[in-house]
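Common to both upcoming complexes is chain A, partnered first by chain B, then by chain C.
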Partner chain A sequence: METKRNRAFYFVLLPVLAWLMILIFIPHIELLVNSFKVDGQESWTLENYTDFFTNRIYWMTLVKTVSYAIGVTILAFIVAFPVAFYLTKVVSKRYVGPLTMLLLVPLWVGELITIYGWMIILGDHGIINQFLIDLGWIEKPLPLLYNDFSMILGLLYMSVLFMIVPIMSTLESLDDSLIEAASDLGAGKWTIIRRIVIPYAMPGIVSGSIIVFMLVIGDYLAPNILGGKSSLWFTEQIYNQFLSTFNWNEGAAFGFLLLLISSLIVWIALKVSGQKLERVGS
Partner chain B sequence: MNKILEVKHLTKHFKEFTAVEDVNFYVEEGGFFSILGPSGCGKTTLLRMISGFIEATEGEILIEGKPMRGIPPEERPVNIVFQSLALFPMMNVYENVAFGLRRKKLDKTEIDTRVREMLARVGLEGFEKKKVTELSGGQRQRVAIARSLVMKPSILLLDEPLGALDRKLREHMKVELKLLQKEIGTTFIYITHDQSEALVMSDRVAVMNKGRFEQIDTPKNLYKNPKTAFVAGFVGESNRFELSGRQGDTIRTTSGWELERPGLDFDPDVLFIRPEAILINPDPQMEAIDRFDATIKTILFDGANTKLSAVLGGGEELLVSLPQNARYDSLSEGDAVTIGIHYDDLKCYREV
Partner chain C sequence: MKKIILIGVSALTLTTGILAAQETLRIITWKGYTPKALVDKFEKETGIKLKITYSNNEEMIAKLRATRGGGFDLAQPSQDRISFVQKKFPVYQPIDYSRIDTKQIIPSMLEAVKKNSGVNGKGYAVPFCYGTTGMIVNKKLAPGAKDWSDLWSPKYAGKISYRLKRPLLIATAFGMGKNPFALYGDIKAYKKLMAEVEKKLINSKKLVKNYWTSADTQKANMRSGDVVVESGWDGIGWQLHKENPDIDFIAPKSGALGWIDTYAIPAKSKNVEGAYKFINFMLRPENAAYFTNKEGYGTASVGADKLLKPEIKDNFSRSFSKTDIDNIKWHPPVPEGFEAIESKVLERIKAAEVK
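Let's look at the complex of A and B:
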């Protein structure tokens, strides 16, 4: 019996291991090795990494990317929490399905299309500017596109859903009588949200934050298209290394730095919020 | 006695549905008042109106003489122990109990003394740092009660808090709750569908059915003198018979069974007889009783609750309590017996 079960176990495990090896492990090892090499040399070197630290533009870009990604994550929480609360606790149960479907629509369309959508809305001849000019409120179009504002908007738009869904799933199990009990004990609305609802939703908030942070920090389209020339997102630096200057080794090093930094930040966030990765991941 | 809660003509409509209809009652200070009714009778709606979570359609609620209309739950001098207990899972026992006091912005040392005092009172000393998820059912119960009582409410509302406990613990908690209420002196309003909980603990019980109060009385009166057919059927166990009519002092069931029942001044259409009111082989000298010949069909052994099912000449079946003592030990299935029922134990009602 025991050996039979083991055989079945390994049989199922095999494709998983193969997938991990071929699609994730091997390419990453290849990149890691490359990041310690320089073109035309056989020996190992740290040059690619020292390059990063000595060039202000490189590490400043990473600092900006990380801090903006944190900012977008916080914004995503501010936007997502009321939506998730509304969908799980306020709205009548039969509307939850259709409303959640509506939230998912942007995902079906794809990121590139929604970004073009934003360009149509925000551009100089876009809907907003045209409307304000027609009203006579402004004379020249407002600079809404190709700056940090449009970039953050785009990043927020493509990632906010990944914050809403995990928060919704934790709030679904929140017993309404907890809210009533707090209110019965004299707590006002804000105290209830701060002391009861948010602590209860913490696993969902943290897992949502990890997903949003990772998506945003690794996004390329929104910063590149909506952010304009000066957006300076770290993924653009990596792209440039690979495809503009053809310095794959430097690009690989940048990639690993991004992976390292973002993992470090997630780890710190988990420590600070007192959550366990296993609990957040489930 | 001081009326701590007065409810006048309270009505609640949910769209077409009337959950509570013209309910009137009062509760005396320090009393243990129960509202007993089947699920869906409107008792939880009534409780939620008293606590302020829903507003009444019509009528008035006075707590300590003050009208409560428009006052939100957090400002009412009542606290509630929820059916699900609703302990805050993200807090430990101490924080749960201190939650309400902290909202009142009380002095830290005062909060600390009150919380510790209350935990000691419910027997949870030393549990302060425990997570509520680590507690047993009975302990969680006590935390919930302590969390409400520490607020020193005028009235404590309890919404079937014993429902989730197993039978043994429930029996134990019944007694404990009653003692705690006596000791603290807070007015308790207890909602339940379990008649035993209501009868054991309460000073007065209201029986609720379809949004209305059928009877408000002491537990003993409720059991001995039910005023309506619903109360007779709901409180305690009963044999129920439909009646087809009355001729003088004789009443007749639809199956044709005739019983003597003097003293009626109306035409009843339903008859209730409690199993424990039926005598087996009664003393021939006893007066004012009906006597019938019956055969024992089955004996349903259940310790102190043992009953036998007796079949009368006309095929009517009666459940009869069978006391477990030497007098009746010889009875067995198939035996012929005489059963006797005192006139006063024939409870007759007009339902339609």
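Let's look at the complex of A and C:
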């Protein structure tokens, strides 16, 4: 009996381990080794990493990418929280399914298509500008596309759902009587949200934030297409190292710096919010 | 359990067996270079199934480098991007010109490509088509746009677009009255010139609407009317002209940039035979003419010009005067190490704040 269960256990475990080893672990080791080498030299070197810190353009781009990613994460929370609360606590149970489905629709068409959709909406001759001009409210089209505004909108749109779903799943288990009790004891709306709902939803908020932050910091399309002239994203710089400069070693070093910095930020966020990764991850 | 595995294994061998039965040819190419009608015709004629991947020069090099010349049976890099790649990471195999139907190819172009793609006296490419990078202009809204320097003219502020890639740096240098190709032998002087180009493009950044990134965004810019002057490829400009006669391709006064796209065979091609068949097929006059009639780019095929539609010939004569043709600056092979300089310049331009 015992051995049989063990065999089944290993049978399930094996593909997982194989997946991790072959597709994630081994390529990363090769990249890591590459990041300490320079083309045409056998010896190990830190040159690729020092390059990053001595060129202002490289670390500035990373700083910018990280701060924008944090900003988008906060915005995503502000947008997602009321939606999640509405879907779990306010709306009749009958509509929750269809409404959640509607939220998922943009994911089905893929990021590139939604980005082109935003281009049609935001362009100088796009839907919004045309509408405002037809109404006579503005004479010249508003610059909505190809700037930070459109880039943040695009990033937010593709990532906000990953904030909504975890918050919803934690709020679902929140007993309504807790809210009623607080209200009976004289707590106002804000107090209830601040002292009861948000603390209760914290694991969901933190796991949503981690996903959104990681998605945004590693995104390539939205900054590249919607971002316009000055939106150099760090992923684009990695892409350039691999594809334009053919300097894979430096590209690998940049990739590891991105991994390191984003892991560090997630760790700090966990510490600050007092959450544990195991709890957030479940 | 064993039974399931057995079924699984046999199913797997069966499907791979079926897949192997049909001969395939995997091509990495540019969008538009394999028109559907020609693909169908080729498959019917030879029984070889085509698997097409769309790409561009940078990605083609990176993909072939990653696999050390495997994964594809045929590639279509530009002629100036072959020899330095081949010297550094041998991803292609030499072309056996005796297997190419060279009678079908314009001799001067074949010679030039053979020479430019050459490493140690061996040629690595066969010309397929050519075209130029110039400007696409909305003649109604920007009647005065004539030269590269109009890409930083305050007259068209906010209605200018270009692709932030190496041809732009070269175009800007020509627009400033310099000749970057003449400095290909002198990396120091080239670096200095690129610094000037960088300054020019950063200072004029406020005039630019966006940086286009593909043929699609290039078209979308002009169609929407958001942009009136942009850098662009002749074929795209002529396609837009067909939709809207106000839009057209022009050859800048200081010289359009000429490129030739080729066929090259990756080192680990699994279907060399099929690759040669496809090259000879695509350069057959009637097929080459079909391609040019559809996409607008010039062809390296010798007999195709008799089969071209009059509107295609019109395009060319409308955009290029005799002096414009003589003034086309053909891309010489890029020396090694130059793209690293250019890449840094491009990054700094992209990251620069708008002043």
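We adopt the following convention: the second predicted complex is superposed on the first by the 278 of 282 C-alpha atoms of A that agree within 3 Å, B and C clash if a C-alpha of one lies under 4 Å from a C-alpha of the other, contacts with A are read in each partner's own complex, and residues count from 1 in each chain.
The criterion applied here is as follows: a contact is a pair of C-beta atoms (placed from the backbone, for glycine too) under 8 Å apart; a residue touches a chain by one contact, two chains touch by 3 or more.
Just so you know, these numbers come straight off a predicted model, no measurement behind them.
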Practice problem: Figure out whether A:Glu30 sits in contact with chain B (first) or chain C (second), or with both, or with neither. | Solution: neither
Quiz item: Is A:Ala187 touching the first partner chain B, the second partner chain C, both, or neither of them?
Solution: first
Quiz item: In the superposed arrangement, does A:Tyr146 touch chain B (first), chain C (second), both or neither?
Solution: second
Exercise. Give one of first, second, both or neither to describe whether A:Glu172 is in contact with chain B, with chain C, with both, or with none.
Key: neither
Self-check item: Comparison of chain B and chain C by chain A residues contacted
Solution: C
Quiz item: Okay, in this complex, where on chain A does chain C touch?
Solution: 57, 60-61, 119, 123-126, 145-146, 224-225, 228-232, 236-237, 240, 242-247
Quiz item: In the complex formed with chain A, which residues of chain C make contact?
Solution: 58-59, 61-62, 65, 88, 205, 208-211, 213, 217, 220, 224-226, 339-340, 342-344, 346-348, 350-354
Practice problem: Write out the stretch or stretches of chain A touching chain B in their complex. | Solution: 175, 177-178, 180-188, 191, 195-196, 199-200, 202
Exercise. Spell out the residues on chain B that touch chain A in their complex, using ranges where they run on.
Key: 51, 53, 72-75, 78-80, 82-84, 86, 88-90, 99-100, 103-104, 147-148, 151
